[in-house]
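Two complexes follow with subunit A in common, the first pairing it with subunit B and the second with subunit C.
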Partner chain A sequence: MLKHLFKLIWNKKKENFLLISEILISFMVIFAVFTLLVYNYQNYKQPAGFDAEDVWAVDLGVMNISKHKDSASVVHENLRNVMKDLPQVKSISFSNGNVPFADNYISMGLTYKKKEIYPDVYSVEDGYKDVLRLTLVSGRWFSPEDNGREKSTIILNEEAKQQLFGSGNAIGKTITQYDDKMKVIGVVQNIKGQSDFKVATAGAYQRIDTGRIRGMSQMLVRLMPGMDAAFEGKMYKLIASTIKSTNLEIKHLVDMKAEKNKETTIPMIIFFIVAGFLIINVALGIFGVLWYNINKRRAEIGLRRAIGATATSVSMQLLGEALVIATFSLIIGSFFAVQFPLLKVFDLPASVYLQAQFLAILFIYLLVVICALYPGKQAASIYPAVALHEE
Partner chain B sequence: MIQLKNIEKVYRTDTVETQALNNINLRVAKGEFLSIMGPSGCGKSTLLNIMGLLDAPSKGDILIDAQQTLSLNDRKLANFRNSKIGFIFQSYHLINDLQVVDNVELPLLYRNSSAKERRMLATEALEKVGLSNRIHHFPTQLSGGQKQRVAIARAIVGRPEIILADEPTGNLDSAMGNEIMNILLELNRVEGTTIVMVTHDPNMAQRTHRLLRLFDGSQVQ
Partner chain C sequence: MFKNYFKIAIAVLKRRKFFTFISLFGISFTLTILIVLTAFMEVLLSPAYPDVNRNRELFINSLELTNKDGSYMMKGRASFYFVNNFVSKMKTPEKLTMHSSRSTTNAYPNDRKLSVDLMYSDLAFWDVYQFKFLEGKPFNAQQLKNAEQVVVISEDMVHKYFGEGVPAVGKEVEVNNLKYRVIGVVKTVPSTLIYIHSDIYLPYTLAANTLKGTSLTGGYVVTLLAHSSADLPAIQEEYQQLLKKVPHPEKYHDLLSSYADTYLESFTRDVLGRSGSSGRDRFFLLMATVIFIFLLLPTVNLMNINVSRIMERSSEIGVRKAFGASSRTLVGQFLVENMILTVLGGCIGLILSLLIISILNSSGIIANLSLKINFTVLCYSLLACLVFGLISGVYPAWRMSKLNVVTALKANN
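And then the complex of A and B:
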């Protein structure tokens, strides 16, 4: 019967051309939707690598202090002491502007045996790991023993370590930035610092130069859970009076994350709505064409009933024909879809395209089955004696 | 072979009731060639449809091979039609998108037969009607007589015991009509197939074993 259906559809390919094209175009759109969905979902599923809950980022703004190194250190130390005195504060760390979910991006070239990478650079203090609850994979985090070393120390994330050292050990190796030599002392888990939906990129952590005001423009504070706006106001006043900053700003990392997530979710929702309308159009198209086919083929349906087809087999035949038409479209569509991983379009992993292709095929078959069920049922109810008298 | 008892058929709409058949009693013996005649609208095709289990009577019984058929469900009725009855229609009812041989194979698709067996039986049936050289043609490439011969091949491919023909020569000129009639007579004589044929042509009816005349849904002869 399947061969018969293929033959029937193949011989009517001109009549079915429009429907085949319509399903093909919808397959490509659905494939794009699922590619986006699978890619974002795969990224979403990856561990964040840190805990943004109850962490506030304080942008210290322009501080009214001398440019003298020691003077800057005193201001920061004062602030640290004031903050530590608050019982609601669990830990703090100064950092450069490259805090998670910020719009800033700081990078530098790191080289190891002629291999060069450009990771995100986070200038941090020893307490940074505790504030963000980073997970150490190997080696150690910064500590006072790094003070006054001849070579500065650096910590890589897994992605940066993979790019520079592959599966080899990175701990103890020396990497360079221009003429500066840095010893790798640890590897931490990747962090998704751009949004929940963005893939973690290579990252490197440097110990902050406590004398550089610009390098310490942010203060990350981990608080007790449940701190409210009243506490935020109190903390704001305290910091402002301590450092005499003119444009101090406090942001919650979870809010910053939500804002960043919107950059992915809003275009995705718009795309889904557009695709949804297209799918509705396609569904109506398939439904209409099948309905028209049945009315055009009443005599054939009557004949089939007369020569031995049951009502169910007529219904199944029409469903089968719709699935065969869909199969023709999907074969052509799959040919185009497999070009994406083969040609590395958009540089996404092949698994994303393959999963999206599989889901799109399933979706199209499901759509066709839903659209063909009712017309198929109508065809089955055609009375053979009546249908045979129609031309 | 076929027995109709007190068959009545009434078509009802909201406002009109039409009596298509009225108290028809008929026995068709095995190997008999029966023709049915009557004016247009007298119920000939309705009677044939009821005999072929394509339509159910409003009243009465239909027995084929002594088996009561009205109580059969859709699946059993379909099997019954597939294995026991072959249909020939005035307008051929061929599927234009399928080659001649595929059209002939159609009834076998609803049986458990292999593709090889289907092709063999279809080719054999086409040989019987003299169309073995047209098996890969499409119906649109054939003349009316050739189309009707394809329809006959389709009717006999499953080796049914009964053939029901609804004005098989109605769309053909007399030469073609005779050719088709000869094939049916040959089938009846050689294979012993029971044939019931609706016709308007008295010359064709004369060549059959028996004639049944209908008028306003009732038997008059």
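And then the complex of A and C:
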């Protein structure tokens, strides 16, 4: 039966050429849609690793501080004391420009036994873990016992630990950055600090020592829930009058996250709308062509009915033919689709492509079945007498 | 004859309403997307308020310092020192102006939070860019020199800060914990003008910390206005000559490169530029490829439907052939019919895109967006329409013309 159908289509390959190529192109479009969808969904499913609610990022702006090192740390210390006195503030930490959802990246090379990785490096203080509510996997977070040896301790996230140590233990091991030796004292859970749709990258946390605090351009603050703009205005004035800077800015991490998520969702929505219309277009086209083809074969169908074929078997045959045409396209399409994971065209895991390919095949078959159902049913309702009479 | 073709085409369209609907749907939707896309490009790239002279402007967007083997690279906007000591000495441009990149800060009028964009500019800024002042005027040379705390703000900013329709000149706005006196209100610049849209414009002398030092990189964008667009190559040449005389003695700063680019090139160079080329050609190639791929599916679809439609009319074709019509006449007739269909679809597409554009403009996804369908956009879409109709009509018409008379007549059954 199946062999017979293939033969039927093969004999009419010239007539079906356009239909096959149309389904083929549709398959490639659907494949792209599902690849995006699967990839973003997989990333979205990953735990965030931290809590952005009620955290504000204060961009300290351009501070007018003298070149003398002490005066810088005095400004930061003053600010810290002022902030700690506010009852609404739970905890604070100064940070480099690379706070979550900011477009700043700082990285450096870390080496362990000749293996080198380039993780994002975050300069943080003891309060950072409480501000973002990070989860410690093993070891410990920074504490005052690290005073005076800031340069010699480091905390990795799981991804960085995985890259450097594999599944082995990392706590207590010594890694190097150029000539500096650093001891790993803890491993924290990965955080998705770029957006909900971006996978966590390798990261390392270093404690800010007094010499470097003047370079810290951001402050992260965790507040009591439900702080309003009036309080924010008060806090803004307080900070501005303490550090005398221009372009001071307070942002809510939740808003920053929403903004960054839009960078993924808006292009995706536009792409889906366009692809959706393309598919409707194609579906109508396929429907029309099948309908026409079946109408053209009234005589043949009438004859089959006359010699005893049931209505179901007639509509099954037409459905089968449509599916065989789709199969031809999918075989060619799969050949192209398989090249993506094989040649690593984009830097995506192979599982994403395979899942997307599977879903796309399913989708195309579904589409063809829907398009062929009505014309097939119509053909099955042909009366043999009428059809043969026309002949 | 064409009148006849037209009549036949309309009759055919009416006969198979479902097929007509599918074809029109495909054509109009495809063209809608193309028109909206073209309108976007148009609003991004063509001269618009207040940047009306864009065709004779060049932009210095960034400077790049590298060492000899390329392992060290520093890239940034131009510094005040570089602009003031070197660029401002250029002779070929008619005028030149510098303004800072946008920076954002907060303001809290009446316990509401506002996010405010700031931009520092010089005097010529108000000459090169033709701002429309709704109230007051820009700052003058005296105010710039004395670093007076005065600002020009946008109409949007007035709405957000003072309320709708409130006169703002003479009042004070408080940003950065400092109070500034408003001396002018300008019509808001849409955010599609990537370099110069902002809420507040201040004299550059207020950004005191950017005026010191001899670093070449800083935070300023320079606009060079030529006498005419024919002068642009001469200005670019003078700029390259000027760069050779700029000292950059610091360690690793072996090579200094920077370009005075046209508006489009100043963006494509960052993304697509390779070793000195502006990336503009690559940009156009990329766009063409994307549009081609996008058009492929609807075209094949339309072709497919057209084949069915023509084969349905095989008896008519058989009769005409039998009475001596040449293949060429038949192909011509079919192409004309297909053109009528595509033009019809194009009209629907135009109406749809007008609808979408008005929705986009009022939705506020992009602030102050003003997409328009102007003559250029219309021409491009008409062209796209015709190409679309031609391509999707040729193959089916060719297949039709090869029909054998006897078979065609017999198919009449």
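Keep this in mind: the second predicted complex is superposed on the first by the 383 of 391 C-alpha atoms of A that agree within 3 Å, B and C clash if a C-alpha of one lies under 4 Å from a C-alpha of the other, contacts with A are read in each partner's own complex, and residues count from 1 in each chain.
Following the convention adopted for this analysis, a residue touches a chain if its C-beta (ideal position, glycine included) is under 8 Å from a C-beta of that chain, and two chains touch if they have at least 3 such contacts.
What you see is a predicted model; the values in this text were computed from it and never measured.
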item: First, second, both or neither for A:Glu22, with subunit B first and subunit C second; value: second
item: First, second, both or neither for A:Arg304, with subunit B first and subunit C second; value: first
item: Partner chain in contact with A:Thr246 - subunit B first, subunit C second, else both or neither; value: second
item: Partner chain in contact with A:Lys151 - subunit B first, subunit C second, else both or neither; value: neither
item: Dominant toucher of subunit A (residue count), subunit B or subunit C; value: C
item: First (subunit B), second (subunit C), both or neither touched by A:Met1; value: first
item: First (subunit B), second (subunit C), both or neither touched by A:His389; value: first
item: Footprint overlap on subunit A, where subunit B in one structure and subunit C in the other make contact; value: 299, 391
item: Residues of subunit A defined as touching subunit B within the complex; value: 1, 3-4, 7-8, 11-12, 299-300, 302-313, 383-385, 388-389, 391
item: Touching residues on subunit A, where the partner in the complex is subunit C; value: 18-19, 21-22, 25-26, 29, 61-62, 64, 228-230, 232-233, 236-237, 240-241, 246-250, 266, 274, 277-278, 280-282, 284-285, 287-289, 292-293, 296, 299, 390-391
item: List of subunit C residues in touch with subunit A within their complex; value: 18-19, 21-22, 25-26, 29-30, 33, 103-106, 108, 111-113, 115, 118, 176-178, 207, 209, 294, 296-298, 300-305, 307-308, 311-312, 365, 413
item: Of all residues in subunit B, those that touch subunit A in their complex; value: 45-46, 49, 52, 54-55, 74-75, 78-79, 81-83, 87, 89, 91, 93, 95, 97-98, 102, 106-107, 109-111, 115, 154, 158
